[in-house]
Structure formats: structure tokens, C-alpha cells
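Right after this note come the structures.
Look for chain A in each of the two complexes below; its partner is chain B in the first and chain C in the second.
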Partner chain A sequence: MLELRSLTAGYDRRDPVVREVSLTVGPGESVGLLGPSGCGKSTLARVAALLHRPDRGEVVIDGEPARGWRHRAPRAQRTAFGVVFQQPRLSADPRLTLTQLIAEPLRATGRGAEAPDRVRDLARTVGLGEDLLTRRPHEVSDGQLQRACLARALVLRPRWLICDEMTAMLDASTTAALVTAVEDYRADSGAGLLAVGHDKVLLERWCDRTVHWDELTRA
Partner chain B sequence: MSGSPTGAEAEPAVTEAEPVTAVDADADADAAAVAAPPPVLSVRGLSVRFRMRGGAHVAAVTDARFDLAAGECLALVGESGCGKSVLASALLGLLPENAQTAGAALLGDGTDLLTADERTLARTVRGRRVGLVPQSPAAHLTPVRTVRSQLEETLRELTGVRRPALREAGEAAAERAAFPAGHLDRYPHELSGGLAQRAATALALIGDAPLLLADEPTTGLDRELVDRTVDELRRHVGDDRALLMITHDLAAAERIADRVAVMYASRIVEIADAADFFGDPGPRHPYARGLLDALPDREFRPVPGMPPELSALPEGCAFAARCERADEACAVVPVLPAEPSSGAACHHPVAAALEASRA
Partner chain C sequence: MADTRSPQAEVSKADAAAQVTWRSATGRAAAGTRRASRSTRAWRVWSSAAIVAAVVLAVLIVPPLVDLDEQAVHLADKLLPPSLEHPFGTDDVGRDLLLRCVYGLRVSLLVGVVAAVVATVIGTAVGALAAASGGWVDRVVMRLVDVFSSVPHLLLGIFIVAMFRPGVWPVVISVALTHWLSTARIVRAEVLSLRSRPYIDAAISGGASRWRVTVRHLLPGVLPQAGLAAVLMVPHAIWHESALSFLGLGLPTHQASLGTLVQGARSSLLAGDWWPTLFPGLFIIVPTLAIAGLAGAWRDRINPRRRSELML
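== the complex of A and B ==
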């Protein structure tokens, strides 16, 4: 279970965009969080993935309270999460080939030896052809790069996936392909999902349940 | 009409038969044809190739052909990298140095956007005859100047309005795009995405250009804002302008387009009436059908595989590797029928099969 308990967070302590928000994602559950841009849902997603320290409140991962944020998070907690953001170009190191990009978390955790096999499997899961894997980000389209970013998010076999507007820039077919890849992974691994976005039709089709930002903040 | 077996043969025959001596039964039709104003934009055989290092070529746009009439909104849809943004750049004369173009893109007055020199484009076309609603308004607006000062400068340039009338004209220009007067003295970074989009739209509308070109005007906007933005664009088109909206957002296209053109691997593979396309009978090209079926309120099923690289397009139909209807016939590139104004570049179009099976 992923529990977000009374979180207050933001970039300005006097005016946090997230105020006293609680949300629980059950084991293997997929929850869509809907809200307009700028409402604070992306900040909440970053807190949930241990990428942003909240001002107040608690994140509890499978019964264990989060014990740090960003690089200070214990490795076992940090690697429980796979995260995909809206803009693949902002989250992909332009110097790496797609193969290196996907394998990066493995190398960072000293498991580089597994890389060739994992990258091959994941490339298939997300629909990336062999020829693309040797390219760098500027040599592929947004959709192709986002496929690589999803593969990177899955490479450590996370128990929790956080997708923040993962498909907002993409066409209908690439959107459906990426969501299918996420769902195949979840069916296989039992991972839970928090998908944050503004597209009601998409999130309602994708997730077990959706909550609106207003419902979380009204309480 | 002769019973010529192929379009290629029929075309010259029609041209020759056309001289205005036609009387009798066709007279009414001819009169109507004469009365109809020329299209706001007429694109014929438009191709764009990029020369790459090492002598390679990228075919970004191949043989595009369509007309755009006053009062009409055409949505050009397709996935990223299909060539639709390059087509837009070609129409604005904003292609990079290594681009080679062929064909024509004629405005109503006969100006060819492909051959006009930069001076003509800058002085008489951009802003005046073709208004651009940009993809990322924040990037299009000058960051160090307020919205008011940018509107006033564009007004000075395009309409010749001078002080003291300028201030009022600037406010009127803002109002046309529903940009609130209270925010005119703000800088672009102080605006929300929606307001930045309106500021950019207000700028695009100033020259009263008969053709509006919107390049992914809704990327990254919330659905409500998407709806509002495209509704506003549609409203500005009215009866006497035309809108070419380039988008990957099919819902936005469905909302305002009269016609839809689908681009795949550098070619327009289908042009259709929007109601037919999104409703019944639906798209005729298998790719267009697949794209619609991928929508979350439809099948939510991706088109299998990925599009080919524009630098390595296959022989024959570029969709064949992903198409369940492909057969030997598809080894020959299918062409978009020149007439009527809708059709699919496909040897086995879907709706035709449906009609055939019904018959």
C-alpha cells in the first residue's frame, strides 16, 4: 500500500501548493489523479515518488514510513518507485544513447551486468526497435524518447509506478501504446500505479478509480 | 465527363475541355464555379526534402495537395515526426537552409508561398496574409516586453496605427482574443498558459490575415483550455478567413474542423469531411482508422509498430509494415485521388470495403 498522509508541500513554504492532502493507493491498484495544470498534483506526485521533501505529513510505503528524500532516501525505498514525467527531453540526459538511458538505474545500483538482457526485454515491452537503441535523444521523436523513459522507469522492477502527465505531449496511438506497456508490466509484476493528469477520458479508461484534486483538497 | 480509366489520363482532357464557351446544361454549374472565390490557400504537389550530411535525404513532405476555402477549418493531424510541422514551416517560408521544395502553395491572390523571397514574405505575407498561432506561445512572445507593448508594436507594423490611437487599438486587439485588459502590462512569464495562448492569438489576429495557421496550438493545455482555445480560433475564422490547424490532438480536431487531413510518413493519406471521418462511415485509410481507434473513448488500442523513418521510407505504401490489409498491390505507392476533395491514398480503403459488402 502507498499512503500519502496529510501532505503539505510546495516550493514556497509560505504558500505551499499541496495542503493537507491524503491519498492511498492499494496493492496493485491503479489510481488516476485528475486536476488542472498548476494545481499542485505534480508536486504531490514528486513527493509520492520520494523526489521532493514535503513540509509536513508522511509517505508510507508498504507499511514503512519514507526515511528520506531524493538521494537521501534509502536505496530500497528509492528503487521501489518508477517515475515517468511529461517532458521526456527534460528528464533524459542528452549525451546517453537510449540503451544507456534505459540501463542507467541498473548501473547506478551496481547491477550493470543485467543491463543487456533487461534492456532487450524492455525495448520489446515498450515497442522500441533495435535500431533506435543506439541513438541519442535528439535523434528520436518525443514519442520514441518517452518510450525509452518508460523503459528506464521499469528497469529496476519497481513496486510502484508514478506517471505524471506521461502522455500529454503524445499522439493517440503512442498514448495507447505506452499505457498498454504500463498495464502489461503491472499485470506481470503486481505493481501499483498513481497516474496524474488532466485528461479525464484517458484516466477513467486507464485506471481502476480516479479522484479529482478538488476532492482531496476540500477536506 | 469522359470515361477515362485513370485520373492521370483524365486530367489533361478536362483542362482542355474547359474553355469558357460552355453553354447548355452545365451553364449553372459553371456560373457557380465562376462566382465562387478562389481558395484562400491552394497547395499543389508540395514536397520538402532535407539534404543531410553524407548526401542522405529526408523526405519530410511528399506531394501534398489540398485547398482551403474561406470560412473553412482544415485540421492536419498525425503523429509527431510525420511531417506536418515541416509543412507548416514551408507555408510560412521558415524552412532551414538545407531544405529543397517542389510544388506550389498559392494564396488567393496568386502569391506562391514556396517561391516568394524573404523580403516579400516578411513585408507582405507573414502577419498580413498568413497569421501564425504558435505552438508554444511563451516562446513566441518576447520575454522582456509586456503584452501591451508587443501588441502595439505589431499594430504599428501591420496597420500603421500611431499614437495616440495606438493604446486603444492595442486594447481592442487584446479584447478580440479575450485577453483581459487588466493583464496587458504583464510580462509573458507572468501569464498562465491560457493567457499566454490568448496573447499569442491576439498578435496573430492583428493583421486580419485571410489565412490563420495554428501549429499545435493546444499542446500541454488542459482539456478545458484546449476547448476554449480552439473555439476561439474557430470563431475568428468566421465566414471570410480560413484556418489550417496542425495538431496531434484528435479531440481538438473533431471539435472545430470542417475537414480533416491525415498525414503519415510525409504524405497526406486521407482527406475527409470531419463529420464523416469522426462519425459514420469513419476513416477510409487503415492508418487513420487505427489512429481513431487508439483514442481512450474508443478502442484504446495502439496502431501496432512504429512509423518508418523519413530518411528510410520503404518502397510502396509506407504503412504496409503495420497494415493488416496489406497485399502485393501495396508495393506500389497509393496516391490520394485528386478528385473529389476527399479520399484515401490506399489500395484497399476501409469504408469502400464496407460499402462493397453492403451492396
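== the complex of A and C ==
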């Protein structure tokens, strides 16, 4: 159970973007969060992934309140989330090859030995060819890079996936491939999903239930 | 209507062109490179590279291979004008000036390179610490940097060398300790901008520690800038060494450095003997311009936008 309890968050204390928002994602449930651009749904996703400290409110992960944000969050809590961002170009370190990119969380948590096998498996799962894995981000397309970013999010086998407009910049076939990869992983691991986006049709087909931003703020 | 307006448009275009030409004519490589043709730029880079290569070879090869004593005094040969035997002439106690210039350049380059490297390491460490910590650490550290930069750095350098016995290392320390400030600012700004990228968020979510984020993602991102700042610092550090030695605060006067050579030549210049001043002076100007030229080409290559910031 991932519970976001009356969160108020933003980048200026006097003018928060997110006001008193509560949202619950059940175990293994997929929730789609719909909203117009600029309404604060990405901020909410960042708070949920413990990447942004809210002004008020709390995040409860499987009954345990979050004990910090960003680096202050215990590693076990941070790595419980796999996060995929909207722009693959900005969310990949330009100096790393795709193999290094996908393996980075394993190395950062001292499990580098598993990297070669996991990277090979995940590359197949998200549909990345072997030849692409030695390239750097500027040598692949947005779609291919987003596949690598999804693989990176899955490499630590997170219990929660947060997809922040994951497919907004991609074509239909890549979108379908990525959504399928996410759903396969969820069927396999029982992970919960919070998918943020503005594509009503996609989210309604993808998720168990969808919530509109207006319903959250009005409640 | 269109006919009457077009000459005016022509005039303003010509004005703009004149302005740009004027900027490039100031001789600043930064303003010039945009307008300079490809071949001019290539010529500039290659001539700079050739000069730097020649200088490095000279200071590395001449002293060990040539069995000549640059300190040897021949009072009978004092103040000889340039000739085949002494291409740069001799100074007021008959020492060969070419040999002394090469030895002097050796000392000056050593000071320049070591001081630039030390200054860059300090600056990178301080800038990265400030930006990676954020909060009050950042504020305190950067205010200290402001305090340091409010003191004229030659004055601060003089203060530092004055605490030690004259020699090479006090000069290195003095130049290094007064020149890390701009690097610290550049590195801090760069780290701050990198820190807000989503790939840092992704690394945090992937369980990376602060240390790992800094070493794996942030520092590699600023290395090109820091390296460039280091290279641009070398000529500046050479000028400082020369200035300190010229003021009699750097190296002891018997030891050849470009600054002591120019200083020692002042009396003979008044008597009309131009060569003891001219050649060490050229030895200061030409290699430093060549190094700056190479660094400028590198700077334009890696980041054409931040030119003004890196004009040290």
C-alpha cells in the first residue's frame, strides 16, 4: 500500500503547486493520474518517489512512513521505487553507455556482480538490441533511450513503479512496447504502479483505475 | 515605399557588420573566433601548438643535453649584442642570454603549471563541496570566496611570498592560493546546474549515495570546464611569477626566471642595450600567448557559450 496523505508541496513555500492532495495505491494496483500540464502531477510523482520534500503531509510505504527525502531517505525506501521520467535525454547521464546506465543502480547498491546477467535479461524485456547497449545516449533515438531508462527503473526489482509521462514523447508502437514491458513486470512481481499522464485513452486502457487531478484537489 | 526603405536597411546592416568587425579587431580571441575564417583559425591553432611544442622541447632537452653553465660569468664578454656565438647577446656580467632565457622559461613554466594544477584542484574541490552540500555550507563558502576576491590578488600574493624565504615554492604557493577563486565559481555553477537534472534524481532513486552521485555523475560533468580553467590559468600564473620576481619578491636574483631576467636588464636598458630586456620579454609574451591560443580553441570547441566567464 502506497499512501500519500494530504500532501502540500511545491518550489515556493508561499505558493505550493500541490495543495492537500491524498492518493492511495493498493498493493499490485495500477493507478493512472490524469491532469493538464503544469497542474502539479509531476511534483506529486516526485514526492511519491521520495525525490522531493513536501511542505506538509506524509508518504506511507507499506505501513511505514517515509523517513526522509532524496539522500536522507534510507536506501531501502528509495530503491523501493522505480522511476521513469518524461524526457529520456535529460534522465540519462550522457557519459554512460546504455549498459552502464542500466547497471548503475546495481553498482550503486554494491551488487555490481549481477550486472551482466540482469542487463542482458532486461534488455530483452524492454526490447533493446545487443548492439545498442554499447552506445551512448546521443547515439540512440528517444524511444530506444526511454527503453533503457525503463530497464534501469526495473533493475532493482522495485515494489512500486512511478511513470511520469513515460510515453509522452514516443510513437504508438514504442508506447505499446513499453506499457507491455511494465505490465509483464507487474504480473511477474506484483508491483504497484502510479502512472502520471494527460493521455486519457492510454491511461484508461492501461490502469485499473484512473483519477483526475481535479477530483484529488476538490476532495 | 519599399525602394526608399531598402537603403536604410542596407545601412543598418553595414553598421552591424562594422560593429562585429570592430569587436574582432580588438584582438580578443573570444570575439574574433566567430568571424575568423576556418583557415585563419586553423593557422592560429597550429602556430600556437608549434610554439608550445618547441618551448616544451627546449625546456626539457636543452638543460640536460647542453653542457653549458647558465650561471657562468665572463666579465670580458659583458653586454655583447646578439651575434652568431651568442644569438640573444650577453648580459651585464657576460652570461649567455639565450641559455638564461631557456632556464628562466623552465622555472616559469614549472611555476605556471604546478600553480595552475594546484589552484584548479583547490577550486574544483571547494566549488563542488559548496554546490553538492547546498544550504548554509554553500552560502558560507561562497561568501568566503567573495571576501578573498575582494582583495587584489597580486597584493595577497605579495603578502604570501613575503612570509617565506625567496624561492620557487613560495611563488607556487602564492600563485596557487590566489587563483582558485574563479575555478571554484565556475565549478559551483556547473555542479548546481547538473544537480537539478533528472538523471541525478534517477541516480538517487537507484540508491546512489551522495559521494557516488558526486564522483560518478557530477565531477565528470565539470572536468572539461575545470581542465580548461587550468590550462587558461597557466599563462596567467607565468605572468604572476614574472611580476613577483620583477618586484624582487619571487626568485633570488641569481636564479634565472623570466621575471628576474627582465628586472636585471633594467639598468642596461637605460644605457641603450636593448637585448637583455627584449628577449626575456618575448619569452614571456610568446609562449603565454601560444598557450592561451590553444586553450581558447579548446574552449570554443567544448562550449561556445561561456566565453566571457573563462577569460581569466
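We take it that the second predicted complex is superposed on the first by the 219 of 219 C-alpha atoms of A that agree within 3 Å, B and C clash if a C-alpha of one lies under 4 Å from a C-alpha of the other, contacts with A are read in each partner's own complex, and residues count from 1 in each chain.
Heads up, the rule we're going with is that contacts are C-beta pairs under 8 Å (C-beta built on N, C-alpha and C of every residue); 3 or more make two chains touch, one makes a residue touch a chain.
On a predicted model such as this, the values are computed, not experimentally measured, just so you know.
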item: Clash-or-fit label for the pair chain B, chain C on chain A; value: fit
item: Which superposed partner A:Val196 touches (first chain B, second chain C, both, neither); value: neither
item: Touched partner set for A:Ala176, first chain B, second chain C, both or neither; value: first
item: Partner chain(s) touched by A:Gly143 [first = chain B, second = chain C, both, neither]; value: first
item: Touched partner set for A:Leu51, first chain B, second chain C, both or neither; value: second
item: First (chain B), second (chain C), both or neither touched by A:Cys163; value: neither
item: Touching partner for A:Leu33 - first (chain B), second (chain C), both, neither; value: neither
item: Chain B, chain C and vertex chain A (Cα centres) - angle in steps of 10°; value: 80
item: After fitting on chain A: smallest Cα gap, chain B-chain C, Å; value: 7
item: Overlap of chain C and chain B interfaces on chain A (superposed complexes); value: none
item: Residue ranges of chain A touching chain C (in the complex, touch as defined); value: 46, 49-51, 70-71, 75, 78-79, 81-83, 85, 87, 90-93, 95, 104-105, 108-109, 149, 152-153, 155-156
item: Of chain B, residues touching chain A in the complex; value: 78-81, 192-193, 219-224, 248, 250-251, 290-292, 294-297, 300-303, 305-306
item: Chain B-touching residues of chain A, taken from the complex the two chains share; value: 36-38, 86, 127, 129, 141-144, 168-177, 179-180, 198-202, 204-206
item: List of chain C residues in touch with chain A within their complex; value: 197-199, 201-210, 212-213, 216-217, 220-221
